[in-house]
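The structures considered in this document are given below.
The same chain A turns up in both complexes below, where it pairs with chain B and then with chain C.
Moving on, here comes the complex of A and B:
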């Protein structure tokens, strides 16, 4: 039972980092990233690449964490100056292309069969590391959200033209946010690889992106507490799927499908009945006299 | 070369029928509907069920599946999208993924994740040194007929005129007495039906599995982007262009250009061309738009 709790906390912490990364992009800046799984996969595959080619683990982490923001900047290049629809399409395409490359080029990290990587023998250590990473990203995101930069990102989210008239370059801000949040997601990917000990393309499909989206939309994309709450709810249902399958005697395939369907339903219902999420963003008021 | 052209026609037929629906719904409601891909999968599964379990003749099964999927699309709109007309386009895109997940998991829960085949045995035909099957002929003929029918519907009937009016200026159309709600329902019906036909053709040519959505997702959205998102026949032409590019790249023996060994791009890489084409168009788009404005 303790083992399971430790494992759950580790997994929730890893996915919380992904959710905070999406919070910075979508909740704060308004970037609709439908390829959130891409930086996560890049981090994980940096590790897998290192393991498959006999490089040390820190090199793998380095590859993942450096490559992800660079890819992010590359992906945002065609999408800047365009409506959010296109950014969504391009990120979606980029994520799928990365997965297909890993699937079809076995030289990189084993192709369809995947690669085994070093797995943390000590589950407590994994949990502590995951929680540390979560704490760092949390503090960073809070810091950004409360800063003048965070205010400007919110302006950008609401009105790109307004941000430009205030003398800020919207694309520069978007690039900054993308690079920073993709580093976070890549770090989560590195950790995830070492927690599970095995990396294969099937763990990084479009559907994974929407598990993150479900958590973020459910909790409230514009608040950190919101995305954390959403992730806890979504990931608890996710890790308990195995037990539900055992307990109910239903085939695990069916239970997995029902879980995915539930996520879809949650996305729809939240938009219909509580579009701001469980924890909505409070309107910030500034008193000019007391500044 | 002839083989490449034939393969191009077959693949663009399957993808094009699905893509026109995405463009049609984008032109009227202004959001990219990712649930559309699942309409194709649902349609294919309905056709399969009608054909294999209820022993309908295949043609009737596909037609019935198209009607039923059209109905599903109208229902989805009534339950979800019609109540979110004021939400931002990004919001609608996200919701459309919610619908997609729900439809996908329903199909997965009912039919399981293993793949199924219709088990047709089409006759093989040959022109010159190009091979194809009677099924391929049917696919291409159906695709062409579907496009002609859609063109007739949109450009030669009062319904089509109303629908196009709604797409170009919804407020004005409503003021002029066009029943917007009914027109939008009609549009969803067409989208669902076309997706179901396209999905069925796709499944007939290869196989049926819940992860079919991931296979058609990129080519369909790349075709629609190539056509300019809201242009219905642009999407069909986009499918044709994309399919040609893909089949050329896969079919041409690049190895023989440089050495005696034959080497061509493996088939699994066709989606790279889809995304590549999408990115190139997006990079060029601001310039294209500026030139059009200048003219």
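Moving on, here comes the complex of A and C:
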């Protein structure tokens, strides 16, 4: 039971990092990244590539965490300034292209069969590392969100032309947010690889992106507490699928698919009735009368 | 001195501006009038860099202002308000005022993490200035309301305040009085006169002739993208051709 708790906390921490990364991109800046699984996969595959080619684990982590932001900048490059609708499709496509490449080019990291990587022998250590990564991303995101930078990112979210006429370069800010949040997601991917000890393309489908989006939208994309709450809810339902299947006697495939269906329903209901999510953005008050 | 030379803009085959030229001196208000669709907003958009241009140039005190690059134009001290105010609706009035300030150390990652003291000091200064701008606009009581909740007239005042935070030498104002109640129009007129006295260049696109005649030093009339008349407000009012184009009949 304790083992299960430790494992659950580790997994929730990893997905929380992905959620905070999406909070920065979408919740603050308004970037609709439907390929959030991509930087996560790049991190994991950096690790897998190193393992498959006899490189040390730190080199794999380095590759993943460096490659992800570069890839991010490449992906958003064609999204010309002030044309945003593009993002969703481009990022979605990029994520799939990466997965299909990993699937069909086995020399990188084993193709369909995947690759075994070093697995943390000590579950407590894995948990501590995951929580540390979460803490670092959380502090970073909080500092950014509460700063003048966070304020300008919110302006971008509302109206890029406004930001531009106020003398800001929207595309520069978007690049910065992309690079920073893709580094986070890649770090989560590295950790994930070492927690599971095995990496294959099937772990990085669009479904993963869908699960992250469900958590973020449900909890409230514009607040850190919101995305964390959403992640906890979604991941708890996910890890408990197994128990639900046992308890109900239904086949576990069916239960897993029902879960995804339920996520879809949750997304629709939230969009309709509570677009700001469970925890909405708090109003920042200033004293205007002080002299 | 703001000098605009031979600006032309086409949307496909449609010519929205035909070789428009004009000049505006510091400490003056230049009115820009004309019927709907005559190209007034397009003209302001070109100067603000929001609209790409076919040909022509804009100079401020002899320096060429880059066209089509809004973020660079702002750095030249040119600010634009929009016919339909552009605001961050889910930020408060106070925050909307603050984002007008430029540059902000706290918007750079490096300063944010390595020079927190600098960031804090700059932020405190911006807050002080925001307070005084709000007082000037008489909007202090709305400071903590969401910008999206303001009335149309208050939104126009707010976008003017946002502009002022950037200390613009040139203000491009697109129909600030449209849909605004008389009390707020009066407040705007006083504000414009103050800004003129401070030596700024103001281009005022406006249909409200009372406002135009009340504050403008000179008026340029556009029709179908071309300048058809230019002069002091009274002369323009008496110009039969202008009134015909404007109202569709002799005044």
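FYI, the second predicted complex is superposed on the first by the 284 of 291 C-alpha atoms of A that agree within 3 Å, B and C clash if a C-alpha of one lies under 4 Å from a C-alpha of the other, contacts with A are read in each partner's own complex, and residues count from 1 in each chain.
Basically, a residue touches a chain if its C-beta (ideal position, glycine included) is under 8 Å from a C-beta of that chain, and two chains touch if they have at least 3 such contacts.
Remember, predicted model here, so these are calculated numbers, not experimental data.
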Touched partner set for A:176, first chain B, second chain C, both or neither: second
Partner chain in contact with A:103 - chain B first, chain C second, else both or neither: first
Touched partner set for A:32, first chain B, second chain C, both or neither: first
Contacts of A:207 with chain B and chain C, given as first, second, both or neither: first
Partner chain(s) touched by A:288 [first = chain B, second = chain C, both, neither]: second
First, second, both or neither for A:56, with chain B first and chain C second: neither
Chain A residues touched - chain C or chain B, whichever exceeds: B
Chain B contact footprint on chain A (complex, rising order): 30, 32, 34, 77-79, 81-86, 88-90, 92-94, 96-97, 100, 103-104, 205-207, 210, 213-214, 217, 253-254, 257-261, 263-268, 271-272, 275
Contacting residues of chain A [partner chain C, same complex]: 143-144, 147-149, 151-152, 154-155, 158-159, 161-162, 164-170, 173, 176, 180, 281, 283-286, 288-291
Chain C residues touching chain A - in the complex, by the definition given at the top: 48-50, 70-71, 73-75, 79-80, 86-92, 94-95, 98-100, 102-109, 112-113, 119, 122-123, 126-127, 130-131, 134, 140-141, 143-144, 146, 162, 166
Contact footprint of chain A on chain B as seen in their complex: 31-32, 80, 83-84, 87, 89-91, 93-95, 97-106, 108-109, 112-113, 214, 217-218, 221-222, 225, 229, 266, 268-269, 271-272, 274-275, 278-279, 282-283, 285-286
